[in-house]
Every structure is written in structure tokens, then in C-alpha cells.
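Multiple structures follow.
You will see two complexes here that share chain A, one where it goes with chain B and one where it goes with chain C.
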Partner chain A sequence: MASGSASEFDSALGGTNEFPWTNDDSNSLETTDIELLKKAWRNEKASPEILHFQSDLVQRAREQIQLLEGTMDEFEDNNTDDLLVSIYQMDLDRALFLVRSYLRIRIFKIEKFIAHISRSHLWNRLSDQERNFAKRCIDIMEKHLQQCVLSRLPNGYQSFFKQSVSSVEDDMIPEPQLDTFVFCKSKGAVGAFQLDDIGDEIVDLVADDLYVLRYKSIKALVESGQVDLV
Partner chain B sequence: MAGQSDPQLSLFSCQEVEFLAEDELVQIIPNMKMEALHMICGDFGPFLPQIAVNVPLWLAVALKKRAKCVVSIPEWMSVEKLTQVLEAERESPREFQPLPFHYIEISRLIFDHARDDIPDVYMVRSLIEDIRDVRFHKVESGLETISGRTHAVKLKNLSAMEVNIVRPFVIRALQAFYKHDSPQIIPQPEASGSGSRRPQVADRGPRRDLRPR
Partner chain C sequence: MYGRRASRLLREITCCEPGQITAFNSDTFEQVCNECNEHHQQLLSLIKKIEDEQLDMETTRNEEHYGAVIHHLSLLRNKRCLMAYMYNRAEIIQSMRWKIGPVLPKEIHEKLNYSEEEYFKNHSTAIESYMSELDLDLTVDMIPPKDPYIQVRVLYDIGDVLLGDHSTSLKQNSVHSLRRTDAEKFISQGLMEEFVG
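Moving on to the complex of A and B:
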């Protein structure tokens, strides 16, 4: 996958980051952490590769959840109205669901692309706990495959990462498919945007319109928060 | 390569889309008194009898279930508005009318839980169903225009549930076209290659347009 054209394209996209867009306008719209978490959850769910762990956000959400759990205990002690308790309980459940689902999607991706993540820059996107999990996961996987299959194969075919010793690159590592298409919405007008490294495919991204685009071409926009996946 | 099938293509379940819709604000008219709520998802209230207040849909449904409020039907859900939308949908074969992003889910939740608050409920319901049908038909005919040269699809005003329904098909179709259209996807023999790679695909000949059905 690491073809020359692809990396060239990445660097060309990297240049777009230098345009003077800021995320300030988005902050005024999405005030609550839940909104932000929902956005992170959607992006994580819709993107083929693992995104940066939103550590501050998750931390804040956890604190709010703990706070509310504390309040719920107090409610129980002083016999608060059932209706009020059940409403807060629903609110709590919704927040918990978001956090859990967010973490689960990440774990799912880590398990699936473990070998790729542990050997690339994606490693920096994991949280400390996720790294621990990933390390143990890959150890176990390797050991298991070694014992069950690889140790019984002929010499030269025993690598966890390569098809055979003659492979130049590691060609047995599942990688996320960045060529896939995603549904996305831009928050502000991004303007004319070059989509492709081959064609002169240019799309004018208008705010709030829905597009289906190749993930690879809008990767940088997703990472910088200018485009939301839907 | 892993281009064939991806179990994760249908990303959001219907329940998850509904979950997102439940955070949309609706107006309710409470019939009881309750202090303001300071919740994780925001602050709402205070609630006073007969004073309209905006709350997330899930809260409106919860209160409605306990008969604590009347849901004010959103403006776009009136017979008049929907009739206009339906007409406009029928007139413009390639465009979608602006409706709330979660219009299907919102209307469904209101039908299920607050149907007695809707004037002309049967009319509203059938209008929304008609709009859905017309729009979906448009989506379907729009999909026929996808071709090998499609690098981007613009779907102005398509709603969340509609996206979710067509997502697996659109993504697979675009992927397949992209795959067959890009010459560099097929690995070229490397200069330093040791010949151990899978057999190379020979020249595929001139590119032909697929026969239209």
C-alpha cells in the first residue's frame, strides 16, 4: 500500500492544514461535552482507521458521569421525586452508552488492525490503557498463531508478518482500507478541494451539504475537525 | 486484499440513528411544576404548567409517557408544510427538499408516543410516508448515475435514516467502480521484486463503458 503516489498525496494534503481555518466557530455551536463526544463517536464509527483518542473529552465525560452518579446516590437518600430520578437516570444511561460505545469501537479496531497499528504512527493515537491492551493482545495473538500454525509450516514461512522470507515488505498485516468511501458533512465552507491524486477531481465543499467521498482524500479534514463523518 | 467485503459497512444500526435523533430539541407544554434539570446533556427547564419549553426528544417522550406534558408538533410536521414539501419533492426529480436531518426518526417517535397531540394524525402520517417514498425513489434513480468516473457524490438534504439505508450499497458500488477504474490498484511488477508475488494481471485492454441496463 505504501506506494509513492499515496505518500505524495498525503503530503499535498498536509499543506491544506496551513490554511487559516480555526475551529473556533464550531465550539460555539457544540457546547456540551456530550455533543463533542457524539461527534467523536460518529467519526470513530465511520472512519476506517483509528483516530486520535479524545483523552480530555473522555476524561471530562467520565467526571461528569461520576458526579451525576454521586448525585443519584444522594437522591436515593433523601427520597427525591421518582420522575426526577428516572430522568437523571436516563441522562446518565445515555452518557454511559456513548462513552462505552466509543471505547468499544476503538477496541474493535485495535483488535482488527493490531499488527498494523503497533508498527505505524497510529500507535500514538492510542490511550495508555489501549496501548496496554494492544500489547497484550498482540503477544497473545502471536503466541497462539506460532503454536497452532506457524511452527508447523516449513522454514521460511514462519513469520507472523510475512508470507514467506522472500517477501520484501510485511505483506500479511491487515490494514484499514483507506480507499473506502464515507459519508461526510463539512461544517464551514471548505471551498474547492482536490480529491484525487490522479484526476483533477475538484469538489466544492459547501457547508452542511452531504457528500460521499473517498476517506483518503478527506482524511486530513476529518483529523483537523473541519469535516464530520455521518 | 481486503476490498471484497467489510462487515462494518453498515455502520450505524437503526437504534443508534434513533439515539442520535433523540437529542433533537422539541417543544413541550408541561402540565406540572418541576425545577430546572442540570443534566450531562445540558440544562433544561424550569418546567411550569402551560409554559412552553424546549427539551430533547427523549425527555419529551419520557414526560409524555407519564402524561406530564403535551408535545407541540414541530412546524415542519403540519399538514400544510408537509403538503408543500411533498409537492416540491414531486416537482423536482433531482433535488431533495430541506427537512430536519432526523425527520424520519423524529416523526416516528412522535407518532409512537404522542399521537394524540397531532392534529390530523392520519393525514400527517400518510404525508410523511409519501415523502419518504418519493425521496427514496429519487435516491434509487440517483444511484443509477453512479459510474466509474464518480469520485464524489453530493447528496444535499438527504436525511440520516436515508443515508443509513443506502450506505452499504453506495459504498460498495463506489468502491467497486473505484477499484476497477484505477490502474494503479493492480500491483505493478517491482524492479527489485523477486517474482514471489501473486501472478500479475496482464494488460486489461482498453477500458470499456459498462453496458447500461
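Moving on to the complex of A and C:
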């Protein structure tokens, strides 16, 4: 998405400025909902595991989209300039895309790692609706595999979560690959940051520098919002 | 060799283009299931032998013990292969709900087994009820919008349609520039396609 479009978004979804292109206040960039949503979307897209659901943010964005849709209807009634209408329409479409894509990426992750999510702390990160979806998903997946594979196997080997009764832990569950590398950027200087447990690898995270690091090692920083994935 | 048939199943998945599905290989699948049960029979008889000789199960390390271990591990491997086969297919089936829609074309239907068809239906209903809880259709808008207007080619005669404030005649094979939001519903019904010139 072109960076120039950011100011259009701001005015359409946050500001009251009549002319979108005059709103070039860089301070507002970090604080408008659409910027926050973009950030949440990027983080979700780049991270291998599911992140906390931004429920307030999504709700606010959807309310603002509805408002904008109302404004669009008014424009149509008032015969406003076509160019202006299409710019607003573009804004609206892009914002809607962000919301949809954000929710969609999460659903894909739930579909993929359903068994892992339902049996770990990740469960708390889902929204109520996502939990309902996840519950149904795991039921039908379990039923399907039960029907096709597990019921045909000998006693003691029929568990969905374990390889056999002799396994101590659940060892049949696909988990996201947290070792994968991600591109990230920190907003403020984090300072010297330890990448591994032993303290052999320390990196000095400078604000606005781009890093390629293992997701696992910066997981905590992503969750606390100190570092953004790009 | 133990486990060879099961690996053949998985090779089918990896040889295939990503996102494409092959016909369910019920023959090999059956054979692997039978192999699992044979392993189990062997395993049980070896354990019985150890018990008959009144040896301690935990500490005995004779040929029966190692034979049993091999059968156990082969069984586990077969199970993992069978599960991976079904699971990977299920993932492809899930993705079809997003790419194709709630109704699958006949040629894909033929490649699924009974349980997979049921799985597709159930999964599809789960997605639909999630979307209705949200009151937002997530299956549209799959790529970021670039322009409020797009070029479309009409695939089937649609007739006169009121778009905005003027009516447009949508004849087969004609090309129009429409508002994306207007065109989307026709595209998802398969009545027109995006025209990339």
C-alpha cells in the first residue's frame, strides 16, 4: 500500500478534515485507528503464531466504516463531485479490506493449528466468535480423522493427540514454527536485547532500524508492542 | 519393508501442485490400515511370548523385546503417515472453501472420499456461521483493492441492471468499467470475470 494513502485513511476514518490531502500531521499517524489496524494486520500477517485479538480496535474500525458508508450515501444524494466520492470510496474499500484481511488471517491460523491453539494459552487470544468457530472446527476435524483413520487402528493407538498410549505428552499436534525468521522494526530504542537463553547473542535494537531475527527470541517484544513486524 | 506403502501415500501429496488435490487413494490407504493391524497382532504375540516365559516386561531385553519395539515403531510411523495424509488433504479441502466457494465442482467431488465431503460441508457451515456472527462476509475482497473501478468481462447474458443511477445492459462478452462493489456480487456468482487487458 502506498505510503501516500495514509493521510487519506486518517481523514476518512479518524479526522474531521474536509480535504483529506491537507491532513499531513505526522503525529496523528501513530494514533489513528486505521494506522493501529494496519499495524495489527502487519503483525498478524508476519507472525507465525496467533496474536491477541484487537477487539476494541476492530470494533472501532467497523463503527467508523459504518459512519463512512453513511457519509457516502449522503454524498450520492447531494450530487457531490465524483472525484471526491471516488476518493472516499477508495478509502472505505481499503479500510474494509484491512478489517476483512485481518480477520481472515486469524481464521487461517486457527484452521491450521486448531489442536495446538485449543490446548494451550493461545486459546485466550481468540475473540468469542473465533472461539465458537474453533470449537466447531476441532470437533469436525476430530470426527473426520476418527472416522477415516483412528477407528481403523488397533487399541491403544486411537488417540487424536497422542501417537500411542505410551506417549507421555501430546505428540501428534502440529505446532507453528516459532524458530522462523521475521523482519522487525522497533519504535523506540529497546537497548541491548538478549536473543537466547544463555546470553551469547545480544543485539542492540535501535529505533527505526530493520532487523531479521528469530520470532521466538523477540516474541515478548512483539506481544508488548515494543517491536513491530514488517 | 515396513512403512513403505505409507510413505507412498505422502509422496502423492508432495508430488502434487500446492493447493491441488489428487483422488483419494483408497487401495493404498486400506493396505496401510491392514498393515497396522498385522503389526499389532505380531506385537501382541511377542508380548505374550515374553509373558509366557515369565520374564519381567520392564527389564527384559531379548529378541522378543526388540521385535516388539520394531513392530510398535512401525505402527506409529504408519499412523503418522495416515494422519498426515488425511490432515494435509483436509487442509487443501479447507482452502477450497475460500478459493472456490460453498459448492465444489464435480471433478473435485470425485476425488474426495465420503468423510472428506462431509468434512467440507461441516467446515463450510462453520465458516458461514462465524461470518454471520460477525455480520461480515470474509470471502470477498481477497486481494487489496487498487481502484474503486474495475474492468470486467461479462461471461453470461445478465440483461439490464440498475447500477448507481443509470441502467447498464450487461451482454455476454461485453467489457465494462464498474464500481468494484457493484461488480463483486456478479463475479462471486461467476457471471463475470475481472478483465485484465
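Everything below uses one rule, namely that the second predicted complex is superposed on the first by the 199 of 230 C-alpha atoms of A that agree within 3 Å, B and C clash if a C-alpha of one lies under 4 Å from a C-alpha of the other, contacts with A are read in each partner's own complex, and residues count from 1 in each chain.
In the analysis below, a contact is a pair of C-beta atoms (placed from the backbone, for glycine too) under 8 Å apart; a residue touches a chain by one contact, two chains touch by 3 or more.
This structure is a prediction, so every number in the text was calculated from the model and none was measured.
Q: Go through the superposed model and pick first if A:93 touches only chain B, second if only chain C, both, or neither.
A: It touches chain C, and chain B stays clear.
Q: For A:129, is the partner it touches chain B (first), chain C (second), both, or none of the two (neither)?
A: Once the two structures are laid over each other on A, A:129 reaches chain C alone.
Q: Considering only touches as defined above, state whether A:157 meets chain B (first), chain C (second), both or neither.
A: The second partner, chain C, only.
Q: Per the contact definition in the header, classify A:148: touching chain B only (first), chain C only (second), both, or neither.
A: A:148: touches chain C, not chain B.
Q: First (chain B), second (chain C), both or neither: which does A:137 touch?
A: second
Q: Of the partners chain B and chain C, which touch A:111 in the superposed model: first, second, both, neither?
A: After superposition on chain A, A:111 lies in contact with chain C alone.
Q: Once chain A of both complexes is superposed, is A:59 in touch with chain B (first), chain C (second), both, or neither?
A: Neither: A:59 stays clear of chain B and chain C.
Q: By residue count, which of the two partners contacts chain A more extensively, chain B or chain C?
A: It is B that touches the greater number of chain A residues.
Q: Would you check which partner chain A:174 touches, where first means chain B only, second means chain C only, and both and neither mean what they say?
A: After superposing on A, A:174 lies in contact with both chain B and chain C.
Q: Using the superposition described at the top, list the residues of chain A that contact chain B and also contact chain C.
A: Residues 86, 90, 94, 97, 101, 163-164, 166, 174, which sit in both footprints.
Q: Under the touch definition given earlier, write down the residues of chain C that touch chain A in their complex.
A: Residue positions touching the partner: 33, 36-37, 39-40, 72, 75-76, 79-80, 82-83, 86-87, 90-91, 94, 98, 113, 115-116, 118-119, 122-123, 126-127, 129-130, 133-134, 136-138, 140-141, 144-145, 147-149, 179-181.
Q: Which residues of chain A touch chain C once you look at their complex with the stated criterion?
A: 1, 62, 86, 89-90, 93-94, 96-97, 99-101, 103-104, 107, 111-112, 129-130, 132-133, 136-137, 140-141, 143-145, 147-149, 152-155, 157, 163-164, 166, 172, 174
Q: Name, in rising order, each residue of chain A that touches chain B in their complex.
A: For chain A paired with chain B, touching residues are 3, 5, 31-34, 38, 42, 45-46, 61, 64-65, 68, 81, 83-84, 86-88, 90-92, 94-95, 97, 101, 163-164, 166-168, 174-175, 177, 179-183, 195-196, 198-199, 201, 203, 209-214, 230.
Q: Could you list, by residue number, the parts of chain B that touch chain A in their complex?
A: So the residues of chain B in touch with chain A come to 1-3, 6, 11-12, 16, 19-20, 22-23, 34-35, 37, 39-42, 58-59, 62, 66, 68, 151-158, 160, 163, 167, 170-171, 174-175, 178-179, 182, 184, 190, 192-194, 196.
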